[in-house]
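Common to both upcoming complexes is chain A, partnered first by chain B, then by chain C.
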Partner chain A sequence: MAKISFPYMGESVVAYKKIGHMLGHEVIEPPKPTQKTVDLGVKHAPEFACFPLKVLLGTYLEEIALGADLLMSSGGHGPCRAGYYGEMHRKILRSLGYEGHLIIFDAPRDHLRDFYQDLKRIKANNSWIYCYHVLKLVYRAIKIMDELEQKVSRLRAYEVKTGSVNRAWEQIQELVNQAFTLPQLEAAQKEGHNLLDSLEMIPVKEERKLRIGIIGEIYVVMENSTNMMMEQKLGELGCEVRRSQYLSDWIDFNLLPHWISHPHEAEIQKMGTKYFDIGIGGHARENMGWIDQFSNWGYDGIVHLLPFGCLPELMSQSIIPQVSKDLNLPIISFALDEQSGLANNLTRLEAFVDLIKAQKFGVKQHILQQKAAG
Partner chain B sequence: MSKIYLGVDVGSVSTNLVALDPDYNVVFASYLRTNGQPLESVKTSLRELQETGPGQVAAIGATGSGRQLVGVLVGADIVKNEITAHAAATTHFFPQARTIFEIGGQDSKIIIIKDGIVVDFAMNSVCAAGTGSFLDHQAERLSIPIEQFGDMALAAQRDVRIAGRCTVFAESDMIAKQQFGFSKAEIIKGLCEALVRNYINNLGRGKSLEPPYVFQGGVAANKGIRAAFEKEVGAKVLIPEHYGIMGAIGAAMLAAETVEQTGKPSRFRGFDMLNLDFTPVSIDCEDCSNNCEVIQVQVEGKPIASWGDRCGKWTQKCS
Partner chain C sequence: MNIGIPQALLYYYYYPLWQPFLEQLGAKTIVSKPTDQDIIHQGSRVSVPEICVPIKVFNGHVNELLNKGVDYIFAPRMVQVEKGLTFCPKFLGLPDMLDYTFPAHKNQMLAPQIKGTNEWSVSSQDLQKEPFFAAFDKSRLEAAWQIGVKAWNRFREICRRGYLIPEALDLYQKPDLPKVKNQQGEIKIGLIGYVYDIYDKLVGMEICQRLQEMGADLSTFEMLQDKDIDRQIDPMKKSLFWTFSNKVFGAGLHFYQQPEIDGIIHVTAFGCGPDSLSGKMMELDAEKYGKPFMTVRVDEHSGESHLQTRIEAFTDMLKRRKRLRLIELGVRS
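== the complex of A and B ==
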């Protein structure tokens, strides 16, 4: 049995942890990325590598220091640099003296044999039937987490007590962590909903609600320690939030046969071909599709997150002004990097929300109310 | 005693304080260098105001990159980002304005307005090229007082093209042109034009810039830059009377509107707070895996405000 660990990317931690535990491995709890993680990654990665590569590398090194000897992660196809991530990480780790630590799961349709080999290492001595059972349960857990997290991102905008929703969300993650059978999971799901429903909320009329969609590169969209806690910040500013990326969407699209999962993302990708008729890497096409999707759903604005220098997202950034004009939908881009001074970005974010309020409610800029002063 | 509304704009380079009468006329204004000490500089300017024997403070607003901290210090009724604050002030003085150019010490913005509402904006995010600090630095290099910079640019006889994409390129280009024997005045003019070109290329990208144009921020004092703007957009560029303190004026106006809307008295702490010591403390909370970096402001050891805690635990402890 291995000492297993994995990247920290939002709620995916819960899923990986469950796989590790149920297959009998020792799980090294991945540390949430901090400035220290970033510094470590920056030190050992090429300067021009994408920001997520650096954060992941830092995470891997921290985990190895904690004793992990098997790191598993999901891969990327390219054609942008993300396609090399896995190899790059492996090479850097090797040069630092860590050989054979890293397992990268690519979509099984890309390299079925590799996928099978890697799976066997994780599977260890468990039977295939048991593994199937575990994966099915984890998949269900992810679905439940996503459902609850979407609710959390909606409710945050209206909480009476600052932080009450965040605290409930931490509790929910723990509940799901502790559930190892289907009935336990379903009980956790119910308790999670009850927990959220019991919180005190400011009543807001339907037409006064603000809805913001978050799109962009998957890692910075999903891991809030790398995106200046975008979902929380927008919540504090009184906006409901929905991301373009949730783990279950990724699995439906990349790991499961589409005739079973009927992924929403396939539809989104189709919508995106209007803007990019070939795949240029990352989720550029999906993100453009998501702009259309959010617009169709009547969202009030979009926040676009990209790692500084991310090729696919730079391409979408350059067509966004025109799309924003065509759809009459405010869109703002944030390029994220190791820099930790956020004053400038927060100013832009707040002004963006002011702009949306002014446009939606037709009030003059200077009589805008803010949720809480000071 | 007459009512006044205060606005504080704490930027990276300067700290501005204004007092407005109920008709939004400026009755007091101070402009200080922040010198990395936002709390001290705000206190100094408030003391200055106190000595003039001001009216009763009916509302106070804070803006600028130091707005959170200073908002706590003064007891602000509203803490607003500087983009909204600038737009509020400009649309008051120029209701027809469509495009605002704002260049400050460390940042620059472009704000697009339609029917008095902000419809688009951009703010430099990664590069300080085209801001006041860059000009300051170059003025120093040429040993010209920054106050004379603009007049010198206007005195230039010939055009010199200086690369404006990046301050590093601009600087080496400048030195090259200097060695070719161009005069200081010509180089300064070229620099002003490079700065404006860079500004429009970076921030105006993909936006249609419609007149009337308003130019504000500390750099608006520079006639050379104004001339370069007019050349670039091919139209007259308006400069507000109080171009350097528009953010503070906007904050004061927004505070006045907030107090009026809520009907509650101002939360201004009063001038007595000038004698209190406000100490910012940084705490690494290790109670969960989030490891939040919490910033707390304490008065006499008691926390009065904190930021950065995801769960709200520290925020709730503040009185």
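== the complex of A and C ==
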């Protein structure tokens, strides 16, 4: 059995881990990206590669150092660079003496034989039926995680005890990690909700609530260590948050037949064609659709996250100012990379939230409120 | 009625096709002035600061043409001209960017989608999605396009005979095709990069003339036969996804293997996504082939004197290497 590991991207860890465990592999727990991970990636990646490529490379190297010998990730086919990450990563790993460590799941039609070979390595001695069972369970786990995480991102804004929601969220992830059957999963789900419902919250009237949507490039949106803990920060600033990307949406849209999953994402994509006639790579078109969606839902503002130099998201950024004006919806973009200064960005974020508050509640009231609080 | 063609991006490759096509339809074409500080300034004002310089330059030219009062701007959405490949995301979204960068001029943008398996298989249906082109019937559009393709093929043939693009743009309308260009420089450099970086007067800082003045002959991707490039790309398990990146990359690999090429210079824009991968791969290959490779990174701030010093040092080095090699071979003493 292989010692298996995978990229670290938000909650996807729970899913990968479960697959690995249930198929009987030894799972090397992927370390959450830290400054050290980033430094490692930066050191070995092309200087001008996208930030996610660097962080992923750093993660792979750390995992190999921890003993992993089978790294699995998903590939892709243009039009953006991500489709080429796997190839580039393999090249770099090879130059560092690690041959055959990385398995990239490309669309089977590209290289059917390779796909099958790779799949067999993961499947090991398990029956196909059992694999199907595992995948179904993991899918359910992801759905549950997403549902709970969305609740977490709403509640953070109102917690009485600082950090109580984050702690509950950690407990919840552990609960889902430990569930290996459907009944166990459902129990974890229930317990998760109970945990959150039992936390003490500041009562806030509906019209006093602030809602912020997060859109952008999938990796930096999903992995909070690369986005200055944006969701948590916004929560601390008193905002409910919802992201454009959750893993289950991605699966519904990309992996399942749409007549079964009825993905919301398909609708979003349609909304996005108002801005981009065709897909231009990454999730640029979907993100524009999300701007409309958040606007329709009455959200108060949008945070747009992109890796520095991200091709499709720079195109979004080019059209966002006008869209923001048209919809009368404040939108702020953050370009992230290994050098993005935290302090400076935080000040910008706080100013952004202040601006939204001032717009929504009127300047005077807002100042009074601040005075009352401070 | 007049149609403005921005002297930017793929103007340098497709002007000979676009111009007769539009003129056949009764339009008068107006090309914007060559890039200068004023254009850069106009472009930077309306662009996202981090975007690559070719896009800023393009926006500057569009702005310039709009100020001139043209009726339309020709800015096709380049999606596909080769099977299985596409264009950099910035090309794919270019017309959308224009719509939101110049919202008052939305109706003036002629942005038909160009999507086929080669340059001559344009879809008249795609063209007709633009109201301007919808006024013409299918056969008229196709005939006009084929006239463009004919001119473009002449232009491409001249490139393949060893002429740089500005020379080819001067020559393609002359009645006779020029002879294969006779080059007699001391060294030969494979100069690779996108046409809109190398041939833009301001962005490329006239690197071709500079190198030629230093006694270098130049070879570029557009001088090669398609098969020379394909031969490099086809064996790759997974090629790049972008047509022009593949051409540049394939040319780079080809030049590595050509004994008469003494060194390679890659011109690339800061912030270019595709090049961040292909440039690195070529750099890594330099060792394998034992051929000097230099990257010149340009943006709207790059200085001419810096460029001059670097390429002087590079060509001097190539000359020294060549002399040594010739002595070793006993050709020279």
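Operating definition for what follows: the second predicted complex is superposed on the first by the 348 of 374 C-alpha atoms of A that agree within 3 Å, B and C clash if a C-alpha of one lies under 4 Å from a C-alpha of the other, contacts with A are read in each partner's own complex, and residues count from 1 in each chain.
Here is the rule we use: a contact is a pair of C-beta atoms (placed from the backbone, for glycine too) under 8 Å apart; a residue touches a chain by one contact, two chains touch by 3 or more.
Computed from a predicted model, the values in this text were never measured in an experiment.
With both complexes brought onto chain A, simultaneous placement of chain B and chain C is permitted, the two fitting side by side without a clash. Contact with chain B, but none with chain C, is seen for A:354 once the two complexes are overlaid on the shared chain. Shared-chain residue A:142: touches no atom of chain B or chain C.
By the document's definition of touching, of the two partners only chain C reaches A:46; chain B does not. Rounded to the nearest 10, the angle at the Cα centre of chain A between chain B and chain C in the chain-A superposition is 80°. After overlaying the two complexes on the shared chain, residue contacts for A:277 are found with chain C alone; chain B is out of touch.
In the superposition on chain A, contact is made by A:95 with chain C only, not with chain B. Look at A:308: by the touch rule set out above, it reaches both chain B and chain C. By the touch criterion defined above, A:335 lies against chain B and chain C together after alignment on the C-alpha atoms of chain A. Of the two partner chains placed by superposition, only chain C is touched by A:84; chain B is not.
By the document's definition of touching, of the two partners only chain C reaches A:323; chain B does not.
The superposed arrangement places chain B and chain C with a least CA-CA distance of 5 Å. Under the contact criterion defined above, the residues of chain A that touch both chain B in one complex and chain C in the other are 308, 321-322, 335.
Residues 29, 31-32, 34, 161-164, 166-167, 170, 229, 232, 308, 321-322, 330, 334-335, 343-348, 350-351, 354-355, 358-359, 362, 364-370, 373-374 of chain A touch chain B in their complex.
Only residues 65, 68, 71-72, 75-84, 87-88, 91-92, 107, 116-121, 123, 125-126, 205-207, 250, 253-254, 257-258, 261, 267, 288-291, 305, 309-313, 315-316 of chain B touch chain A when the two sit together in their complex. By the touch criterion given at the top, residues 47-48, 50-51, 77, 79, 86-90, 92-93, 95-97, 99-101, 103, 113, 237-238, 240-242, 270-277, 279-281, 284 of chain C touch chain A in their complex. Per the touch definition, chain A reaches chain C in the complex via residues 46-50, 77-81, 83-84, 87-88, 91, 95, 106, 110-111, 275-282, 284, 308-312, 314-315, 317-319, 321-323, 335.
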